[in-house]
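Next, two complexes with chain A in common: one pairs it with chain B, the other with chain C.
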Partner chain A sequence: MRMIIDSRLPSMTRSRLIPTLCLLTGCLVASPLLQAQNTDWTPLNLAMTDAVVIPAYERFAAATAPLARNAAGFCAAIDADSLAALQQDFSAAYDGWQGVQHIQFGPITWFNWNFRLQFWPDDKGTGARQLDALLATADPAVLVPEAFAQQSVGVQGFPALERLLFSDDSLVALQNEPYRCQTVQAISRNLDDIASGVAQRWRDEFRTTVANADERGFFESAEDATIDYLKAVVESVRRIQQQKVQPVLGDNQAAARERRAEAWRMDRSVQHMRTNVAALAALFNDSAPALSSVLQPADLPNIQQAFATLQQHLADAPDSMNTAITTAEGYAAFKQVDADLDALFELLEAGVKGTDLYLGFNSLDGD
Partner chain B sequence: MTPTLRLKALALAIGITGLVACTTPADDRLSSSATATAGSAAAEALAGAPSAQAVIATYVAIAQASYGDALLTARELSTAIDTFLAQPSEATLNAAREAWRKARIPYIQTEAFRFGNAAVDEWEPRVNSWPLDEGLIDYVADSYGSESDNNFFYTANIIANPVVDIGGISVDANNITPNLLAEMLHAIDGVDANVATGYHAIEFLLWGQDLHGTAPGAGERPWTDYDVASCTNGNCDRRRAYLAAAMQLLESDLDEITQSWQTGGEVYEQLMAKGENGGLATMLTGMGSLAYGELAGERIRLGLLLHDPEEEQDCFSDNTLWSHYYDVQSIHNVYRGRYTRVDGSVVQGASLEAMLRANAPVEHAEMSARVESTELAMTALVEQESPYDVLIAAGNSKGEALINAVVTALIEETNTIEKIINVLDLQNVSIEGSDSLPAVNQ
Partner chain C sequence: MKTHVDRRQFLALSALLLSPAARVLAVGDAAATPLLLTAASTRADEHFLVGFRHDGAAFHPVFKLPLPERGHHVAVQAERGFFVSIARRPGTTLVLAELATGKLIREIRAPADRHFYGHGVFSADGEWFYTTENAFEDSSDASGRLVAWRVSGAGSDATLERVHDWPSYGVGPHELLLMPEGNTLAIANGGIRTHPSHDRDILNLDTMQPSLTYIDRRDGKLLEQQGLPAEFHQCSIRHLDVSANGTVVLGMQFEGEAFMTVPLVATHKRGENLQLLLAPPELQPQLNQYVGAIRFAADGRHFAATCPRGNQFTVWDSETGTLVHALRARDNCGVIASDKGFVYSTGMGTVAELDLQSGSISEFDGAEQLDLLWDNHLCSGVPA
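After this line comes the complex of A and B, so read on.
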């Protein structure tokens, strides 16, 4: 279920390939050409980029800056208040990431940036094992930014920092182990370097790539670029369901396991999902023209309704997933979210099938 | 006509041909069976494009031969394990390990048949689940750690503990039987990493943990772990029972899937029920899903991200490079309609490649180049000296370059497979229960 591949697979429109199809499949009816879709892809792509994507990355970078700044001065005098303040900074930065987590194309895929920010789910607990080994070695050279960027992604990102800041013994351990605190600083700086790097590359570089997508450089076509935005919405609905909800719920309430939630140590898994779904809805709707315009108009009311239902149920669900799943009522609330995500995905998938757009193989394949 | 309606019309047309076909006896549904004669591919090329029916027939013939070979070599492994357990020694343990390596060769070549065939994909975790939290099965080193957020059974150590009660689940493991492994322990508590059965459980039992980190060297389990008279690491009788039970299961599971590919079997019938486009879509789904999410992603790229010696598929035996190599063969066997059996004979017939060569020369040329690039990159990887876990060490830039070349080639090949799916107009062909085409799933 982990999403490992970040390099993009350009997809393509079918229309220029249609003439050969009957030769190959021996179809019995003449195949009419697809109805030409009246979408002007580049203005749509730029509208999404300028109104939704770049602002979201800028919010993310704006949230990691205070984390890095405050972490830099944190180790001099650690007490419960200063730890709580840094935890707040961390939560805000993590929220910023949740607002762009679904965008799995463009600069985020460069330099392993996406995995360095968050390697999760970590089914094998590799990050925890590697973080323990790193702390045991206590080698200062490893924490130098250039060297730290080359370490396992399991120790570089949000999950590792959450473990350092939100464990039961975090305060005492950070007070007593200078190297542990230096690791907090290294991860915080790393997160900020990456967040500001991605925002800058979108602004200064990738926006131009999107604007020129028809010149067959990075993208095969402007329509091909649109498919990446659409994939960001459709695949993410499934990913939230399969990674953030279902593993926690298990087959029944007795099998529910809060430690499989995305942010169980800080118990903000629900807030993360609210941010995720709001971000998906924004990418789908909040530009002019909007991504929703690529689907058939007749399919949209049900999709919009499904978005609204999901958002309402997430808003109504308990804030703490950790405790909610121990009660029948709380468990049922997240079963409902599971069902809502499923319904939304099915509608989106059916909507995509009603267009010329083919999303292609997905990176969630695999064990 | 909207795209949706157009596809329905096409499906209807295909459905009618399918209906006619379905009235004929089962064995005639594949009009052309694959043969073992050389030169038929050349003949196909001269004769023009092979029919979809003939291409699918080759696909089935190769699947039958590949799973048949996997079963055959598993029986040889079973014999070697019997010998080892009867006369434990360094030599008999090494013979069993060698038999395991040989058994991997045909099994890995079946992997392109997994995705797209729902019944195979459902069956597969029984035999090839990975990665595993091996502390479920047997003793582990301290460096393994003692707990996992995801897995309460991380260090359950069934071989040492006849009774286990964890997280409200109690396990009576007094008798270690195939049934206990398959029905109780495998994926216990809904955790995929609780791998109690299959090739990798057996691999762990034969090699033990590889404690060399990212330095050269594989697992070094002593043969005396299975010698009741001079038992090392305790519980040799229970370890012997575990190995025997796991082997018995692997054999029966492979027997089951081999039967399922025969006429009347579940996998075979499901495939036939999909019709011609469904069959072609299944073939391409298997190729693309294995190349992309599974091989390039889960099994290869992840190692480079984590630099972790456990992040290699055959991590106990250090056989990983060969498993990757034969996965690439598996993809290309399906494309070329050609498989070399373990006895050296060749199964071949009408191929997807010949179909494209005749009808879509642009995509055919592109795919030929991709296949060649992937094989070159993969060959470079297996021909160098270092095992996979050495190549993925942090700072091994040569290893990273070699591995990245394979990942890039596989991604480009998948890209071309998508173009082939487009040119065959199979984007929206429903292959029921599949995890990959084109839906986001799994």
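After this line comes the complex of A and C, so read on.
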């Protein structure tokens, strides 16, 4: 039996087959609703890619470059000022990641890049255990880029570097333990390698994949590609709520736990969410045509209002989630954000239901 | 009796084949293929059991039977002219209906402390029907049950009588199938403990012990059991298929960390160790740790594993243990062998056939327009 590999993966050969029966039967007929909307999926996909996605990845790569560069010279003379400067570089790089964290398709899913950048949530403390084990080896060979890329995901990314740079004893520990500082350098370089790798793959490879989505390559169709962008917005709203807000708030204020926040050591969890939501709004709106155009026009005002309300409440919320949740007023501010995220998700979900686009069935609730 | 395999026993992946596609224009056969059955839902959360035929190009609905809850697998007793649609976890209904028309015969409920897992199978002589069940108030390892039902009547008189209640020798039994010799049931004990009062939450993530278990259908005796290596204990063995020569293939769903590289497919022959299979390193992470259904091709050698979370449809060679074909198919889940290769269904509403010879895919005209979300699984309406 002759077999054909059609894996739609970056490093494997692909065959592009036009389903011959469809040529005869017209089985790719769009449904009446889609015809009514007259959406041209490929121009939309490319507009989002060129105006929003690739620029966001390029900003991410541009933010990790100074981190890697400055970390390279950091260990020679560590003091409070140089640590503060590197912490700033780290914050900027982490912000860059927050601007693309919602994009869970394409090159970010290759080579475990997504988990290597950020292994989180980490309910079992795996990252801390793996980082301690790495530091205990003090083996310089492990920190060479090729070897480091093969290490546990828990030591490779932002959470591990946050731990190294933002612990109470970071300054003294980094001054006294050369290997710890070399690990800072290795993670910083690794983050930059991955960020520039993802940006380059989007520019040089995956944009072409998106442009040719209707030829049955990686995607089944151009509409299939659009669904990935739409999922990036809709499902991320729920993910922010369920991973970044609700676990911190708990069932009531007494059950609130700052350490469940995404970036509690540096206390920038709120800034992260502001960046996340701004990125979602950008993916939804900031291209011509825009993703919002796939929904029914009548549904858009409420969705845009929900985005604006959420962004306003996030802007008004205290910058420090760690301290805010210890006060009734601060806790209430994030309960409001929780409710806003919920409202936005419900509106988006209802909006998607008003189209023929479907985000998933077996993939969301299988057995 | 429980045996383990280790990483060294992963089968090596051979070089992947590639051949150019022949662009042969095909036309649908005038005669429609045999009846296929599948559960389906609507976006309004209504549930149906749909019977259909296809001619290689077009989808021909035969019947659409409303179900009281979400369906899953369908067991067919063609000689007696009826089928049983088994409710999906944690459903409690068996729906008996006439095979030719989909006309409801009767509904049978599980006892109050039980629910089904969406799977059932008839004995070859059609005298017995077997279900996997959860005795959910039992917190011991005996909560997984294998229940034998006596079949009586035919057509609109067909019914089932609960007779034997045996352990499945594991927690969370899921798919079960009859081995070719006719007296052995192969059961996928998924290892996952759930309780209806906790929705579908996994209550034993840290202590899961999935297994492939062979049981004598005549007396419920344990014949053989194969577990997974400790590092893969969170690979829930959910679905299986068996070839005419007795090779069993397993489809698994990993409940551990998303970044880990774990086998999602395995093969087994009685008395041997499990062979755990991995896709090539570029593809394996794309499968998103989840196989939805697994079915042999007509040749009894190749098999398909659907990956709805990774949007990949994969074809493997059970003899070499290698992945030989993968294609993008968003939300694909149900699968069954066809003359040309496989028919698969998706939660996006499409039903399509993959021609293994040419690699071409034909989506059946008329399926998507029904506005149904095709649920796991695709089942044959004719005698095996």
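Rule of thumb we're sticking to: the second predicted complex is superposed on the first by the 323 of 367 C-alpha atoms of A that agree within 3 Å, B and C clash if a C-alpha of one lies under 4 Å from a C-alpha of the other, contacts with A are read in each partner's own complex, and residues count from 1 in each chain.
Rule of thumb we're sticking to: contacts are C-beta pairs under 8 Å (C-beta built on N, C-alpha and C of every residue); 3 or more make two chains touch, one makes a residue touch a chain.
Just so it is clear, the structure is predicted and the values come from calculations on it, not from any experiment.
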**Message:** Going by the contact rule set out at the top, does A:153 touch chain B (first), chain C (second), both, or neither?
**Reply:** both
**Asked** Taking the superposition as given, does A:219 touch the first partner, chain B, the second, chain C, both, or neither?
**Response** second
**Prompt:** Which holds for A:227: it touches chain B only (first), chain C only (second), both, or neither?
**Reply:** second
**Request:** May I ask you to name which of chain B and chain C touches more residues of chain A?
**Result:** B
**Message:** I'd like to know which partner A:250 touches here: chain B for first, chain C for second, both or neither.
**Reply:** first
**Prompt:** Can A:235 be said to touch chain B (first), chain C (second), both, or neither?
**Reply:** first
**Message:** One more residue to check, A:109. First (chain B), second (chain C), both or neither?
**Reply:** second
**Asked** Looking at the overlay, does A:85 come into contact with chain B only (first), chain C only (second), both, or neither?
**Response** neither
**Request:** Examine A:259 and indicate which partner it touches, taking first as chain B and second as chain C; both and neither are also allowed.
**Result:** first
**Request:** For A:62, decide between first (touching chain B), second (touching chain C), both and neither.
**Result:** neither
**Item:** Overlap of the chain B and chain C footprints on chain A, listed as residue numbers
**Value:** 1-5, 7, 9-12, 17-18, 20-21, 23-29, 31, 112, 115, 119, 126, 153, 353, 358, 360-363, 366-367
**chain A residues touching chain C - in the complex, by the definition given at the top** = 1-13, 15, 17-29, 31, 109-110, 112, 115-116, 119, 126, 153, 216, 218-220, 224, 227, 353, 358, 360-363, 366-367
**Prompt:** Contact residues on chain B for chain A in the complex?
**Reply:** 1-4, 6, 9-10, 13-14, 16-17, 49, 51-52, 115, 125, 129-131, 133, 143-145, 148-152, 154, 168, 189-190, 192-193, 276-277, 280, 288-289, 292-294, 296-299, 301-302, 305-308, 310-311, 355, 359-360, 394-395, 407-408, 411, 414-415, 417-419, 421-425, 427-428, 435-442
**Message:** Help me check something: in the complex, which residues belonging to chain C touch chain A?
**Reply:** 16-21, 23-28, 41, 43, 56-58, 72, 88-89, 118, 174, 238, 253, 257-259, 280, 282-283, 285-286, 290, 292, 299, 302, 308-309, 311, 315, 324-333, 346-349, 356-365, 368-369, 373-376
**Prompt:** If you look only at chain A, which of its residues touch chain B in the complex?
**Reply:** 1-5, 7, 9-12, 14, 17-18, 20-21, 23-29, 31-32, 34-35, 112, 115, 119, 121-126, 128-130, 132-133, 150-154, 234-235, 238-239, 242, 247, 250-251, 254-255, 257, 259-260, 264, 296, 345, 349, 353-356, 358-367
